[in-house]
Amino acid sequence: MAHAETAHHAEATTTGLNHRKLLMWIFLGSDCMLFGALIATYMVYRGQSIVGPYPVDILNIPVTTISTFVLLCSSFAMVQALAATNRNNQRGIKIWLLATALLGFTFLGFQVYEFYTFSVVEGLFIGTNLFGSTFFTLTGFHGAHVTLGVVWLVSLFIVAFKGRLGPSTALDVELAGLYWHFVDIVWIVIFTLVYLIGGYDAGPVAAGVLTGPIPSVLPV
Amino acid sequence: MTTGHAQEQVRHPTFMQYVVVALILFLITIVEFYIIFPHQRITGLPLVVILVGLSAIKFAIVIFFYMHLKFDARLLTWIFLGGLALAFAVGLALLSLFGALRTEAQPRGFAREHRVPYVSDHGEDGAMEPKPGSGSMTGGDAEKLAQGKAVFTGKGTCFACHKIQGVSAGAVGPELTHIGTERAVHKAGMSSEAYIRESIEDPGAFVHPGFPPGVMPANLKTTLTADEFEALVAFLVAQK
Amino acid sequence: MATTTGVLARPTSYSGVWSWLTTVDHKRIGVLYGATAFIFLLIAGLEAGVLRAQLARPNSTIVDGQTFNAMFTMHATTMIFMAIMPMSVAFFNFVVPLAIGARDVAFPRLNAFSYWVFLFGALLMHTSFLVGQIPDAGWFSYANLTSRTFSPEAGLDFWAIGLLVMGASSVAGALNFTVTIINMRAPGMSLWRMPVFIWMTLLTSILLVLAFPVITVGLIELTMDRNFGTNFFNTSAGGDPVLWQHLFWVFGHPEVYILILPAMGIVSEILPTFSKKPLFGYPVVIFSGIVIAIMGWAVWSHHMFTVGLGPVANSVFTITTMLIAVPTGVKIFNWIGTMWGGSLEFKTPMLFAIGFIALFIVGGLSGVSHAVSPSDFQQQDTYYIVAHIHYVLFGGSIFGIFAGIYYWFPKLTNRMLGEGLGKWHFWLMFIGMNITFFPMHFAGLDGMPRRIYTYPVGYGWEVYNLLSSLGYVLLFVGFVMFVHNIFHSLKKGQVAGHDPWDAPTLEWSISSPPPEYNFAEIPHVRGLDHYWIVKREARAAGQPVPGPEPHAAPGSVHMPSPSYWPLVTAFGVVWIGGGMLIDVGWDYIKFPISFVGGLIAFIGVVGWANEPASAPDAHHGGHEAGHGAAH
């Protein structure tokens, strides 16, 4: 009888929700705080760099808009992968998982290109100014999340290739999807704040440089 | 693996619905891209409000459709929105505490006093010439002095301890207002430039009488590029 | 899926060292947490001894300023992150599944992973002692004292990376307990029938999950400033050290409640048991806890009144801080109301619980006095603050934890802790605590700054400091008695039986120590104070009070199997951080070494994901099928 109790334990949770799914959502709520703090750091230091390049000097909004499209497309591919898993469409699972991973990889390619252009070509390094420090940290953390997501998707693709994904294991795909879409919405926020709203932040014009003694108490 | 999530067989949108959702997301992104160009009429606060609103709509579409919160247990929505709301509130509070809750980037205190213009390595046409290093020097004494001053008041951190009349007010180390002419007092038989170089490279080699040794960091040169170091020396030599 | 096994053969032993290294049993992990935290509590106590020895007399030269800085930094860091928090987690582990009628936590292997990451992270931070570069910037390590320019040694790297690692452990643990409490309650245990300790565990876990990411960001920014030349807190590039203070205290204030809420939960279990009447105003106590957990996010800048945030910010945070005192006060009245008219039994757990209330009131009142920002200008960074935090954290959290140890020790071991030694322990602690910390109020108001390593004669601080140092001796003696009591009682303590206190909650309805599967049959919870209801009805019906349920036949209850992978994964994760700390004079060696750690962690995760939660001899998966969050 204790036996029977355990057999149904996996489904019979207090709320009826799967443990892992619940865990994933709480984790995502927690990750909101992580990106909230990183984004707050970026916004607090907006306009506080004392040397260039300033955002307007180097941000390439058209290119980033394209990479944003790529990430949105990957989210679409992800929901299709989940739908295929629920329908047990083995071919669909593989195609859409691979598409998601490749689109994520393309987004990372855009980011590598962006980092390369900013640093080697334009001279904005992580220690150049506050913009460099906050920008590379924020987008770097997002990129690390995307990288982890790509690794996860590729792992799932391997599992799918062995034919082990289907309606009974749809949760495995669903959890990866939740994580992946979360990475997407974080990018929506970063794109809006850093590129669309902050993209025209500029330094002083050459003629009007302000100089003067440092006040004895730094105004905060 | 757990089988038969009978209670989780929630209604999922169809393929076409997902396509429509994706198209809406694309459309919003295109609108955003279009309205931010400076020749557009919307600027300032209305622009920011519109952009934040649009991205909030995108955000909501993704979490409610792609992450199917709309079709899932209400508890999950509350959990996620709780974390999101807290992150939003803490972020807003931080921005207000720093006086950074504004639509345009606005330099405060230190940045207002110390910002210098950016001189790009390549022309205004945006043609990119790969050039390693971060130096924005293109030659010319005035520019070199300006860069040296920027290093002094910025990356080099010199200003924090040294006073130069009209530039900085630090009081930890010796005043450098006349460092370009005073070297005889400090160390006989050395050019002012050589003396300045030595003092930065090896602060312990000669310590100004009346100041304790070991206060000036010995690794300053390593924090600067060669360009910046040269500019800093030139700037200090010019303090006469 | 279930037929896939890892490259390693599944561990099978249930005794010996390997069984402890691979255990996924929440009770054993609780013991591991408790024992580890206890050792760190001793270390932190000895560090405090160095501080008190140095400050006992003016112009003392027992240690130099540098050693003193290292000692107070590590005393506070160890107490908070390696003693009080894991001690609370030990109670979460041992008590939560028992008290909600579950057989284990939701993710047993994740639970083991949390412990190993915590242990390795704590050891990582303490290797700073071996290389002689001990963290020395205080427990909140204000920028820009922490920049490479002012702290060139590696101590603060050990501090930052050690805390990052332990933060990962805390978040993993907190996620686990949140899911466990939301999802694994026995039938009939609605939210409003959960014991207060479970409620406080839930709130603490939620706070942990939301607060740690913020300090993670702060610590990463600090680490990058120190190692990669970023400018986050570099004033000469426009960086603002005040941002560190904000990030630290946005985390730091909820952290204060993370430290005290579990103790409040423990006390709320003990007072009804020894007053023989239900908790007074149960829903109000819960609501107060919820309000504290929410409002705890809106008060952080009261640590920063003297920074110069301006009158508006200071006023706002003054008001919110005064408001948060209200739910705390409500709880205190509820505890007093619980004792009022009860038939009180002054056993050791009860003494510690009452001591908690008394000392917490003192700490709470001094807290309100620096909620008033003008008054805080007088108190900031003085010994008055030191007195306050020790009344709430030592008089509060530590007393609560001791109460809990005396209360649940019989359940864990089937032995009572000695009452005589226990009473000695309590009174030495209570008197020693007041002699140590009460004079600090006066020293602080007379202007003695905190963190000074010595002081001259003539400021009138000599008597206060001597008293504090003498009080430390009493605390030390009390502590030794406690350790003796533990070891003595383990062997010779009176046999406890399953319900020595006539307690109201589920864990007392099963045998002591509980069998591995906890409940042979998952109980149906009848109401708040379930076991009291059962016992009362039995007495009313004239039947004998039901004893512990009989043990199930061996093998009939299927439990998660032990696993190597949490240990392997934890080792890899901590190696990532450890690699960053290796200093062989060539920076680029760090990254390959860290990468190897990442590789080990990845192998661990793959092995973990491919290993069913339960060994394949049974076909029903446990409640953890695969593992999503590890990715």
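To keep things simple, chains are lettered A, B and C as they appear, and every chain counts its residues starting from 1.
Going forward, a residue touches a chain if its C-beta (ideal position, glycine included) is under 8 Å from a C-beta of that chain, and two chains touch if they have at least 3 such contacts.
Computed from a predicted structure; not experimentally measured.
The chain with its C-alpha centre at the largest distance from the centre of subunit B is C. Looking at which two chains touch through the most C-beta pairs, you get A-B.
A straight line joining the Cα centres of subunit A and subunit B is 20 Å long. Work out the mean CA point of subunit B and of subunit C, and you get 37 Å between them. Note on chain placement: the centre of subunit A and the centre of subunit C lie 32 Å apart, centres being C-alpha means. Looking at subunit A, one finds that residues 10, 15, 17, 22, 26, 29-31, 33, 36-37, 44, 48-51, 169, 171-172, 218, 220 touch two or more other chains.
Shared interface positions of subunit C, defined as residues touching 2 or more other chains, are 1, 182, 210, 214, 229, 235, 237-238, 240, 242-243, 250, 309, 621, 625-626. With touch defined as above, residues shared between interfaces to two or more other chains in subunit B number as follows: 1-2, 75, 83, 86, 90, 94, 98, 110-111, 114, 153-155, 159. The part of subunit C that touches subunit B in the complex is made up of residues 1-2, 149, 182, 210, 214, 229, 234-238, 240, 242-243, 246, 250, 297, 301, 309, 313, 621, 625-626.
Subunit A makes touch with subunit C in their complex at residues 1-3, 5-7, 9-10, 13-15, 17, 19-20, 22-24, 26-27, 29-31, 33-34, 36-38, 41, 44-45, 48-51, 126-127, 129-130, 132-134, 137, 148, 151-152, 155, 164, 169, 171-172, 175-176, 179, 218, 220.
Those residues of subunit B whose C-beta lies close enough to touch subunit A in the complex are 1-8, 12, 15, 18-19, 21-22, 25-26, 29, 32-33, 36, 38, 47-48, 51-52, 54-55, 58-59, 62-63, 65-67, 73, 75-76, 79-80, 82-84, 86-88, 90-91, 94-95, 98, 100, 103-121, 128, 130-136, 149-150, 153-155, 159, 166-170. Within the complex, the subunit C residues that touch subunit A are 1, 103, 106-107, 171, 175-176, 178-179, 182-185, 189, 209-214, 216-218, 220-221, 224, 228-232, 235, 237-240, 242-243, 247, 250, 307-309, 517, 520-522, 552, 556-558, 606, 609, 620-629, 631. Remark: subunit B residues 1-2, 75, 83, 86, 89-90, 94, 97-98, 110-111, 114, 153-157, 159-160, 217, 223 touch subunit C in the complex.
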